[in-house]
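Worksheet for the structure shown next.
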Amino acid sequence: MSDELKTPLLDELEKGPWPSFITDLKSMADRPMVKDLLGQLEKSYRDKRGYWKHGGLVGIMGYGGGVIGRYSAIPEDFPGVSHFHTVRVNQPSGWFYTSEALNEIMDIWDEHGSGLTNMHGSTGDMVLLGTTTQELEPIFRELTAKDWDLGGSGSDLRTPSCCIGPARCENACYDTLALTYNITHKYQDELHRPMFNYKYKIKMSGCPNDCTAAMARSDMAIIGIWKDDIQIDQSAIAEYVDAGFNIQEYVIEKCPTKCITLEGKELKIDDSDCVKCVHCINVLPKALSPGKERGAAIALGGKAPIVDGALFATLIVPFIEIDEENGFEEVHDLLERIWEFWDEHGMNRERIGEFIERVTLKTFLEGIGVEPMPQQITQPRDNPYIFYEEYFEEETE
Amino acid sequence: MSDELKTPLLDELEKGPWPSFITDLKSMADRPMVKDLLGQLEKSYRDKRGYWKHGGLVGIMGYGGGVIGRYSAIPEDFPGVSHFHTVRVNQPSGWFYTSEALNEIMDIWDEHGSGLTNMHGSTGDMVLLGTTTQELEPIFRELTAKDWDLGGSGSDLRTPSCCIGPARCENACYDTLALTYNITHKYQDELHRPMFNYKYKIKMSGCPNDCTAAMARSDMAIIGIWKDDIQIDQSAIAEYVDAGFNIQEYVIEKCPTKCITLEGKELKIDDSDCVKCVHCINVLPKALSPGKERGAAIALGGKAPIVDGALFATLIVPFIEIDEENGFEEVHDLLERIWEFWDEHGMNRERIGEFIERVTLKTFLEGIGVEPMPQQITQPRDNPYIFYEEYFEEETE
Amino acid sequence: MSFELNGKSYETDDDGYLINLEEWNEDVARYIAQQEGVEMTDAHWEVVNFLRDYYSEYKIAPMIKILIKEMKKMFGPEKGSNAYLYQLYPAGPALQACKIAGLPKPTGCV
Amino acid sequence: MSFELNGKSYETDDDGYLINLEEWNEDVARYIAQQEGVEMTDAHWEVVNFLRDYYSEYKIAPMIKILIKEMKKMFGPEKGSNAYLYQLYPAGPALQACKIAGLPKPTGCV
Amino acid sequence: MATIERRTDIGPPHYDKFLHPIIKENYGKWKYHDTLRAGVLVHVGETGSIYTVRAASPRLISTNFIRLMTGLATKYADGYLRFTSRNNVEFLLGNKDNIDPLIKELSDNGVPVGGLNNSISNVVHTQGWVHCHSAATDASGLVKVVMDELYEYFVEMKLPHKLRIAVACCLNMCGAVHASDIAILGLHRTPPRIDHSTLPNLCEIPTTVASCPNNAIRPTSIEGKTTVKVDEDKCMYCGNCFTVCPAMPLADPLNDGVSIWVGGKISNARTEPMFTKLAIPFLPNNPPRWPEVTEAVKNIVEVYAKNAKPYERVGEWINRIGWPKFFDLTGIEFTKYHLDDFRYAGTTYRRSTQNRY
Amino acid sequence: MATIERRTDIGPPHYDKFLHPIIKENYGKWKYHDTLRAGVLVHVGETGSIYTVRAASPRLISTNFIRLMTGLATKYADGYLRFTSRNNVEFLLGNKDNIDPLIKELSDNGVPVGGLNNSISNVVHTQGWVHCHSAATDASGLVKVVMDELYEYFVEMKLPHKLRIAVACCLNMCGAVHASDIAILGLHRTPPRIDHSTLPNLCEIPTTVASCPNNAIRPTSIEGKTTVKVDEDKCMYCGNCFTVCPAMPLADPLNDGVSIWVGGKISNARTEPMFTKLAIPFLPNNPPRWPEVTEAVKNIVEVYAKNAKPYERVGEWINRIGWPKFFDLTGIEFTKYHLDDFRYAGTTYRRSTQNRY
């Protein structure tokens, strides 16, 4: 770190209109950690390979997760990043901050860490990027003093996250922020002390637009939905028509079940045929909004491809009431039944999605006590290989 | 067979408007074989189970297939059906007959067999139902004397069959009857002397309506198709319009790629977007017909569920010319490459469809020397598990 | 069904296959062959012996393609063809040769 | 990294895990524990011994759920919980107990 | 060495000699076809028209029935007839005036005419108790009782579109069960019963073991002989072991029965081909008239007839309305058996929130 | 026994205290929203409106950058800001008049505003060479060069619909690669190199063996120590073994690189969610500006922009025109690598004749 920092390759990334992380990092290059990070990265760009050791297991007393250990593979050359652990700080519901609160965290981080962050990590955490083992405990103490806590890592409940929901979105069918807050707080032990078969991610989106990518990226997707009829403001429809908006082409023809018709300036929806895809509501936000009987659909098992191929979450409960009055009891109850069955029968490093694939949906539903419903599938079996459980015994004849 | 025939249960099947096979069979009940068949069947109806022994292996000298051996499990009770073998007679292309030709066969069958038949078996053969081992050779001699030969059974080429095609259908894109005749005759050895891994069925349909169910029920489906533009007779379109036929609803909206438009009385098709589903041609037969550049698509591996689940055939060659001038050489050539590769790498009782599933389409195409094409798939892989075969060696740097 | 040979009675199924495979011996083979109208030459024995060896090793009858391939390897190209097998056993290797060789009756695919 | 104990030098990785698992002995365990601020009571040894037995049988560290289940079976319900394990090993069973027990560093899921 | 002096490998006769002269002339040159009435088609060619009268047949027919048909063909169709891929008889008439008398005479003999276009055509079916060792039910009988019930849909063209029914008597599905609008499938519901006394002699152990799609069969030794055992929890009664090993019969009068499947289709028209999906997992074998089966099939046909749109096959209709509504409308119970648990089960799980309530 | 007297398990602070007063008042009672200009939304509630200005962020940001943002939030947005699920910064303004000055000051600092509606929003991405041991490429660098190229599509709304890009640096896909309109995925192309000297000490053999999706890993013994061997023909370089076993690194500067994927989507709008499918199997790792990658991505974006219809995501557009045409229009070569050969490969084979020529 004594040498002068030369990063000819990285400097190329200062060009162009998109904000440059290199320019930003260089603004802090007076800090040894940042300087050596840039140095090692420059070397990676030259050699076309990373220079980090595998794994790293460091942590906070009393916690089994929340910190990712990281060591440079070439600490001789870049002692500043010989330790370069990240701290996952549990973000507030909906990633809302005040300048003040954020600045406080930055103060802590400037003092005890590299000063670099990810806002945010893919799971949702505020990721504080780069510190040493010795600094972990102080960072933790100062964060908790300001009411912040760590997020998940390892085989635990991962930091739940949610879309902006009712805080700023007229589509929200339940209070994503409240449920996220509630679940995060209720399951602090599961979040901080890994004891599952593998990671368990929960993402909450207020409607089927799924702005947290829950169906793809979480073990449990809680997606707002409604059961009754889409609310229509016919006068607003008329305004769209008058404004020359092509409802026929952009709405009616795009409806997956073709259950919308326009008669003059009046829009009609055959709601019994509507699959709640929200497209029409998206396109006509001033005229349409979700029905009044609102709740959520729960789908399980979304994940990336390792090991058996990527999975979208499977719809398990087509509709559940999200009842804050009731302390979200129904959700807790379901969640705990799921964990219990997965815990009992799941294998090491087997995500819930892979687990359902292995034991089959039929067994899984039985295991968690949810009724089979045609909503859970796209089609009944097309193979004749049925395991009959009821049959006649000789005696019964 | 000496007792009087009493069939109270079967008699119930003489009621009702649909032609009754029982009435028909009873009309021949003076024949011991038919009488005992009825008797055994009545017993099956009473006991709710069949009374045939497993398997049976009888045949014709020089042939390995064409006869299905069948013995009653209770010959004491029904000696007339103690032997009840079936003879598969190779039907003519398109199941065309003259009264005279059929009567000749029936004469033979009345003399040497039960007098019962299936017109036809599911694979396509004329199935002569029920005779004894001793009668097989005489039947064969008399049939061949009248120019008839046996069909396939066992692990051989099964009797190819085809739709009525150009003989009576304006949709036919190639001469299904000629190709079926040609293939059947060229591969007599493969048809009569099993030496494949398992059965191999070929079905030929003149267009994508697939009136022989080739995609579902044959290892090799040869389906007529065209490449260029659908032929439109605009005056006939105008007649449909004038007759008040709802082209919009029944044709345009049903077109899977929505590539049809009607301007006044003029129908336009964006043929570059047409997937040759033939729906519009089916509905407007007087106005539309397939294009002029005709041939066939070849798909492999259709089959019933045993063992790994049912398969529809996979499109292997999106377009091949069916060239009678050329003696159908291209088809023979492809077929032989397929057989060769399957023979070399297939397992016992592994249909070509299961074989392709096991070795994967990629390997199969390489094996039979057909180029990979996006037409062969519904989508490229969505998993990142790619076996790269080209990569850089240290030296090449 | 059954037949008598050298004072011993042999049970067969309807198609003439031995019921107790252990009872097979060369005389039995010759007897069955005779019933089938087949005269057992050396060439016939080559096939029967191959079938028996294969069965005793793998507990299955060889697929025809393997029979042909192996015959070719062992006895030369002119003996490695389906036509050759049908020459020896006109009713086919499955129906006739396996029966004479005392293998279980081939099943399935008909 | 490395440490000296009873005149012998032991290599560890950055996180303090033994590099050569064979070198493990009870003194080493006590030394590592001390570095971690853990005082080895009988209760601590129960966990360490279970981990070592399990590893020597299955060549893997037990999943936490199995560790807990087995602890419950062997030592009673009050010892069969994640909380109990964290009481003994505040940095967690994976990070601390495995390190002291001389098992390979847990990987993967972080 | 046996010498063969007989004719072999001559193949079937050339179709040419069975073609009506009008067909020969217009071979490959048809302009269009039209439906003149239920069961009657005209195909218009360059030099003339051929008239087709399509008559039902039970497929399992005697030489008597065939001679009746050939007699009529000679009388009315210049001696030309054919069979269709669904086992109907087609008379090919050069003379339009013969249509009515032919139909009359067919009708006098109890043979209906129909099966064209938006009707129910003949049922593709299999052997059943009439000829097959595998059968879990009878095929010809089921066809008869079902078509008695659906008769009107054969002789009239009043459905939204073609509706194709198939019957198979076991999971081998020698026919079109896996791709039919409605399918009736005979099945077993108990594992094979092994006859250990005959198995070692009758069956190839490796082949038997390999035959099981669920790896439920393992070799085992009983009294010094190698035989097999079945893990009954893994067995779903497919019968493939029985096909290769006669000592493992599954037939069980108490538990064999019938299942109903819907929504398959073969043609590439509009949609790609579709497999048939489970509607009713089990109905009892109740010969001779299987009332539960006929009622179930008729119900599905009627609900389809009432709700589908023109040119919509059963599967297309269900895809449009969704499976929940299909179960609603038909009143069929949705059970755990409908949930796929075979190889590609995962591809049938709903991976979205799109749904009807 | 160590005693813990510190605060633990307190969880994150309540979001309530970070919500703008206008948001609090109208929480759950929004009537509708509107787009005022690129990057600027208004949400109309019962008692007032909140204005959102969405600004880009490279996500890998320093406290300097964050302080710049909080400073602007304090100045223009009453101190309220948030981050989006795609790592943009959103300023929540009570006062409409602050929009322009805020945008001006952001722009002066090189921070563009946009990413709304039918535009390209920020790229979801991962750690890459900046922090992860698994990376086959860098993530932040790729994002920078790609967004430099596609800048106009962020600051303007001129695409048929939303277009979402993701970058992941290895097959673990810590992000949205498997369900993005366009995805850039770093990958290895050579099997792990096993360090037999350290493996027995570093790795659990059973876990390592179980980690391989293709069963390519077997235990073996070398010089008396149990280690593993890899059947290289079965290995497709997924790196899952490396995740559990540090002694099996795959990184290989010569062969690591980048693949391009298209047509994924998450929302349930119109269609069900769709996975991303392979477009280009391999492009070289060519830092710092990966010209082959930026060109490939830009090409796809432009072809999409030109050919898709309004409200059509990339995947929907391809489904409409068909894959053959996609390859045609983009000029991307179709290769054997596009043919699936993993677990559900069979479900991607075309089982019909429906096709374009």
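For clarity, chains are labelled A, B, C, D, E and F in written order, and residue numbers in each chain start from 1.
Just so we're on the same page, a residue touches a chain if its C-beta (ideal position, glycine included) is under 8 Å from a C-beta of that chain, and two chains touch if they have at least 3 such contacts.
Everything numeric in this text was worked out from a predicted model, so none of it was measured.
The chains that touch subunit D as well as subunit F are A.
After Cα superposition, the angle needed to carry subunit E onto subunit F is 180 degrees, rounded to a multiple of 5. Most remote from subunit B, judged by the distance between CA-atom centroids, is D. Separating the CA-averaged centres of subunit A and subunit E is a span of 48 Å.
Inter-chain centre distance (subunit C to subunit F, centres taken as mean C-alpha positions): 65 Å. Centre-to-centre separation of subunit B and subunit C, using mean CA positions: 33 Å. Shown for subunit C are the residues in touch with two or more other chains, namely 60, 90, 105, 107-108.
Within subunit E, the positions touching two or more other chains are listed as 2, 4, 171, 173, 178, 207, 213, 238, 243-244, 246, 268, 273, 275, 342-344, 346, 351-354. Taken residue by residue, subunit B touches two or more other chains at 53-55, 61-63, 189, 208, 210, 215, 223, 256, 276-277, 305, 309-310, 312, 348-349, 382-385, whereas all remaining positions touch fewer.
Every pair of chains meeting the contact definition is listed here: A-B, A-D, A-E, A-F, B-C, B-E, B-F, C-E, D-F, E-F. Against subunit A, the residues of subunit E that register as touching in their complex are 171, 173, 178, 185, 187, 189-190, 213-214, 236-238, 254-255, 259, 263-264, 275-279, 281-282, 320-327, 334-343, 345-346, 348-357. Taken together, the subunit E residues at the contact with subunit B in this complex read 2, 4, 6-15, 17-19, 23, 27-28, 30-34, 43, 50, 52, 56-67, 69-71, 73-74, 79-85, 87, 89, 92, 110-112, 124, 126, 128-135, 138, 140-141, 143-145, 147-149, 151, 154, 171-179, 207, 210-211, 213, 238, 240, 242-244, 246, 249, 251-253, 256, 266-271, 273, 275, 285, 287-289, 310-311, 342-344. Subunit B contributes residues 9-10, 12-13, 15-25, 27-28, 34, 37, 41, 44-45, 47-55, 61-63, 70, 84, 86, 90-103, 106, 109-110, 115-120, 122, 129-130, 140-141, 144-145, 147-149, 161, 163-164, 166-170, 172, 175, 177, 181, 184-185, 188-189, 192, 208-213, 215-217, 223, 249-250, 254-256, 276-279, 282-283, 285-286, 289, 304-310, 312, 348-349 to its touches with subunit E in the complex.
Subunit A contributes residues 208, 210, 215, 223, 225, 227, 256-257, 272-277, 297, 299, 311-315, 318-319, 356-357, 360-363, 365-366, 372-388, 391-394, 396-397 to its touches with subunit E in the complex.
Chain contact summary for the complex, subunit F toward subunit D: residues 1-2, 4, 198, 201-207, 226, 243-246.
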